[in-house]
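Chain naming follows the written order as A, B, C and D, and within any one chain the residues start at number 1.
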Amino acid sequence: MTIEGRNGNHDRPIRLGMVGGGKDAFIGAVHRIAARLDGCFELVAGALSSTPEKAVESGQALGLAEDRIYSSFEDMAKREARLKNGIEAVAIVTPNHVHYPAAKAFLKRGIHVICDKPLTSTLADARKLAKVVGESSALFFLTHNYTGYPMVRQARELVASGAIGKVRLVQVEYVQDWLTVEQHNKQAEWRTDPKRSGLGGATGDIGTHAYNLACFVSGLAAESLAADLQSFVPGRQVDDNGHVLLRFEGGARGMLWCSQVAPGNENALKLRVYGEKGGLEWHQENPNYLHVSPFGEPTRIITRGGAGMSAGVAPTTRIPAGHPEGYLEGFANIYKEAAGVIRAHRGGDGLASLVPGIEEGLAGVQFVDACVRSSSRNAAWVKM
Amino acid sequence: MTIEGRNGNHDRPIRLGMVGGGKDAFIGAVHRIAARLDGCFELVAGALSSTPEKAVESGQALGLAEDRIYSSFEDMAKREARLKNGIEAVAIVTPNHVHYPAAKAFLKRGIHVICDKPLTSTLADARKLAKVVGESSALFFLTHNYTGYPMVRQARELVASGAIGKVRLVQVEYVQDWLTVEQHNKQAEWRTDPKRSGLGGATGDIGTHAYNLACFVSGLAAESLAADLQSFVPGRQVDDNGHVLLRFEGGARGMLWCSQVAPGNENALKLRVYGEKGGLEWHQENPNYLHVSPFGEPTRIITRGGAGMSAGVAPTTRIPAGHPEGYLEGFANIYKEAAGVIRAHRGGDGLASLVPGIEEGLAGVQFVDACVRSSSRNAAWVKM
Amino acid sequence: MTIEGRNGNHDRPIRLGMVGGGKDAFIGAVHRIAARLDGCFELVAGALSSTPEKAVESGQALGLAEDRIYSSFEDMAKREARLKNGIEAVAIVTPNHVHYPAAKAFLKRGIHVICDKPLTSTLADARKLAKVVGESSALFFLTHNYTGYPMVRQARELVASGAIGKVRLVQVEYVQDWLTVEQHNKQAEWRTDPKRSGLGGATGDIGTHAYNLACFVSGLAAESLAADLQSFVPGRQVDDNGHVLLRFEGGARGMLWCSQVAPGNENALKLRVYGEKGGLEWHQENPNYLHVSPFGEPTRIITRGGAGMSAGVAPTTRIPAGHPEGYLEGFANIYKEAAGVIRAHRGGDGLASLVPGIEEGLAGVQFVDACVRSSSRNAAWVKM
Amino acid sequence: MTIEGRNGNHDRPIRLGMVGGGKDAFIGAVHRIAARLDGCFELVAGALSSTPEKAVESGQALGLAEDRIYSSFEDMAKREARLKNGIEAVAIVTPNHVHYPAAKAFLKRGIHVICDKPLTSTLADARKLAKVVGESSALFFLTHNYTGYPMVRQARELVASGAIGKVRLVQVEYVQDWLTVEQHNKQAEWRTDPKRSGLGGATGDIGTHAYNLACFVSGLAAESLAADLQSFVPGRQVDDNGHVLLRFEGGARGMLWCSQVAPGNENALKLRVYGEKGGLEWHQENPNYLHVSPFGEPTRIITRGGAGMSAGVAPTTRIPAGHPEGYLEGFANIYKEAAGVIRAHRGGDGLASLVPGIEEGLAGVQFVDACVRSSSRNAAWVKM
């Protein structure tokens, strides 16, 4: 074991701000733990809620200094950019429709952005944001956190190395059940409101993760898709189930299923990739194992930290095999790697990393847009 | 435990003949074991191969009397129909294209038919056979054997009882890997030859099982489907992978994936059904368990023979919980139930049973036909 | 696939009788199915119950000829031995205390015996029976059926081949829950009655299976053991739980746990063997898989009928990988192999087989005796 | 979700020091991440190694101020106790033989101690430390971290509530394979050196965890045990495998198996508890699930954060069901709860918590001592 988090780097933690993530939020706390886990970031400012009282209350609960608690991200961006020790990066963990304006406010002022997915609530916003990122001196990261799991990295490396041969099939599914009936909590409300969530429901919220994961591991992008989206719960304005056929560049085919109305499934993200020489399978809910099946040989169980794991994957694990890592550790890998890129950037250097960014974000919104377009035309094939 | 097989019935075993199933065949041996397992049938005649030497050799190996070994099913049908103690039923276990003529030969002579799936190699044959069955005094059974598994029966009963509410989603997959590369054994040869197998490859061989299982458990039939079929192995004349979107009567949706080129999958038939109130999941490769998830409650594991199994399902199991039953026992349930229907028929009575017959067979060939039609039109929706 | 059961042998089925196994019995039906499954035996006579009416009723239900239905095994042994086409072998499936007198009656008359386990209800009987077997011209087989599972054979072969190195540890458990509370059915009554079952309860009924399996796979025998037996249910006269420490010849150590009072366990027989170079694990309730772990390498999943299975194991499977076999098929392997030995014996030849016999039976009763002796001395070490 | 970690408490983080945990250590990094994960502690001082250069280098890597980096715990204890903002608590993560002197140095100066397990390397030290704790105004916590897993808490609560009835059986095992062959890394060296590790090898290193977990969940303590310990690897001075029979107060019985020489097992800690009315089962390597089996009903799968989890367990989880938590989160629960107790203590209040302390530590060393005593007397029963 090395000293965790710092990678032998004596650098001080990166000063981080946060937009969204106040009381009753879910993903904000996840980002904070992920940022803190390896000691690479220090949360020093926040516009944690658009409701001023809640913003203050939440900032105090997190121990922020009074004068670094903001009730608008605009104010935060302006003031922090001028402070001598202002934030160097900001985590954006708001509902989707705020991603674009918030990210823009910080990127224009040279503050790095770590943004939750999907990139934006509309394709128009996504394209505008891509333009902003291209013109900014600051960095942009998107937390498609499932790519941070060590065994997902292992799967990607195996495919890239040719271990399973040319890819033929990519089967991915991301299945939940929490929206099986109408829900009235805060999470359900904005995630099923097309104004805040975007046109996609399940497709946007979890389908984008599934699509990103499929591409990340297979190394392929879809050229076209055919989607049959449903809203099973009466009155729901966005899809709560999506059945999608995929055609990838180079001839591979795939299926993607995303659902939030499948009782018994909590957060069942599962990927299977098959090539001419072998197959592999990974389940997010028991993420420390990767099943690899060379054709004609017994299936092998590669374990995180154990025999069969590649050297290149090792930096993404913290503890020995058999001591399970989970969702937060995978998420923290995104933050740790983003920290490495930010630190290199300080010195004027670029650093290759696997952290998703604007391209993956744009691809995700294009995926949702294509699903909605296809479904509105009776699941006709549409170009991505 | 009761005395097995006889159900308290002192009746002598039913005299059975077999068409196909000689040396190097696979499914013939399965039918013979299934027929024998509960003591309900006695194999007394066979046209086990269209090659006369092989027919004789195979018949002798099975201990058939010399004069009950035939080299053509026509001869067998004619002669057995005239014998005083001729066969009462025949099992047809040939390649698909022989199903229709063979079944016709026996049905016309009042001999019951137990036929392997798919029903026929063409839709035209299927329709003709349906007509023959309708006009015959004899019975027709189709070995969609997976419906014989006790936990499949349990699943069907739970859905029918409303335990999971109105069905919304049916996800079924049947995945193998044996055709990942080109194969030159007898099984591979006829199963990938459209003249003998029919236009469907994986769709016909295993997709029909998957579709039948989905309908059997959900109680629904598909109204339309969209299929994207592939032949990944160069030179292969039939599909070896099928991605299918399903729309069921009443609004339920589904996905069906059948593949014979997915390394690491042996015979991975898996069904998941989700309704407004709950979900259930069953895997053929570990068939003694059924996962049932009432929405908002912990998942229950119902076990074959154990707590939670319904009384109506009990007759399909032979041994106590924890003593696993498998493929052959499920298959034998089809034979045992067919025997019950045949025995009632002897006395002029009808007997309700869940054994698939001509309707399910026709639906299966329609499924293949629809898949091929849809795929040839770029996965357009087609009516079943 | 070859023609099943006959192994290319045109021999007629072996004529079989049965002692015990009438209505309300459990294991008798299992033996009959196992005998019938491969077509190697034909049941022609029975003393199925010591209650004459039940003997007749059960014999009729099974289709036996009236004059081959007996109400005492003595009568059956005497008469069948004189018949021209009398039984060649008998299956003994009574409560344990009848095994010795019944086996003796047939062995003395040259009729082969296939006996359920444990061998006898007392060690004295076991020794006497061993003597009888030694003096008989007939063969003796004991249905430690779990040794018939293909993946158990595979495990044994791997250990014997040195694949896991010198064995250090053998961990075996056989856990059920059906006796968690007092039961009043026939099975529970005789199995908890020391007069019929023997001094051991769980140790005799299932501990003997576990011990046999451990020895079969590891190739080792225990030299001594220390056992802490319990009767948790008030009033129970035999143990319902056994905790046993084992010391094997050559220095290996082990633990054996047998219980019939562990809720949630149906028939959870599980074996793990660890050597200097690797380990392996097998579960009876999902028996088609064997996990093999070479030290320092990923675990492999060897599947019945699939890649990694040895050629020597193949004759014990009937159907392809992914089509699960279960308890009855494993049990039928014992019958099929016994048939092979009996047929060779007809011709005056011996045939090596892995079917357990008198030695394994004697070892099982010694195991129970040692457990009871040790437990009565506060779990002191006792020699086997 | 609430704001994580602070529980609505605006208190500043607790100032933490660390003894041990420098480069090449394993558990030190785990403690640091656990302390940091919820933001309850701030690491400000360290005596990270007894080698001065390594102490400095490690302290710098962790960003400690130069004057808070010590090369002896004595110096650290003395100086920090005098500093105005000196450490309030210290984590002791050294080899076992240092636990006692280090803990004593801090406790005597009123600094709270969070100590890794086992408590000490000898029973004499354990007793002396218990005396020191009793006389100190400061608090003492022991990181039997597996008790921090939410589903372990759930199991404990179910047992305590009577859900499985009076406990009859406790089966626990903790199995690894990393010492299957002789190892020469730092971790292996001190853990197999009786001077540093104590008389127990596997029993001390992991057996104590298993014993603690068994007691924590069952609510029982062992009265006596019989242990058969082995050192399979030639030259090893401590046990690498332990087979232990347990007799608990009130009549329950158990088995404990700890091993570090079982290939294929990474960190396989598994607990099963059975009572008169039901059973439960938990595996550390997939820790988000608890199987609960009421006798006569189907097994339920209770999931962390999901349906069936008790309200009292909720504070130990951070993220929704299906988003797996792992080893670090369970470990962090110990730190988070210790922080709560420390904060209440600041205000002069006591706070009940489930964090293990001196009693559990003493019980663990007594367990090792009893195992060694029993094994040296041929596995005779010894009192705990």
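We take it that a contact is a pair of C-beta atoms (placed from the backbone, for glycine too) under 8 Å apart; a residue touches a chain by one contact, two chains touch by 3 or more.
Remember, predicted model here, so these are calculated numbers, not experimental data.
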Query raised in the report: Going by the stated contact rule, which chains contact chain A and chain B alike?
Result: C, D
Query raised in the report: Which chain's C-alpha centroid is most distant from that of chain D?
Result: B
Query - Centroid spacing, where centroids are CA-atom means, of chain B and chain C in whole angstrom - result: 34
Report summary line: When centres are defined as mean Cα positions, the distance from chain A to chain C in whole Å is 55
Report task. Round to the nearest whole Å and give the separation of the Cα centres of chain C and chain D. Result -> 44
Query raised in the report: Touching two or more other chains, which residues of chain C qualify?
Result: 265, 292, 299, 303, 306
Report task. Could you pull out which chain A residues touch chain C in their complex? Result -> 292, 296-303, 306-308
**Report entry** Complex contacts: residues of chain B adjacent to chain C
**Finding:** 1-4, 6, 8, 10, 12-13, 22-26, 29-30, 32-33, 36-39, 58, 60-63, 176, 265-268, 284-288, 303, 305-306, 318-329
Report summary line: In the complex, chain D touches chain C at residues 164, 168-169, 171, 177, 180-181, 226, 228, 230, 232, 241, 243, 245, 247, 253-255, 257, 259, 261-265, 272, 274-281, 291-295, 299, 378-379, 381
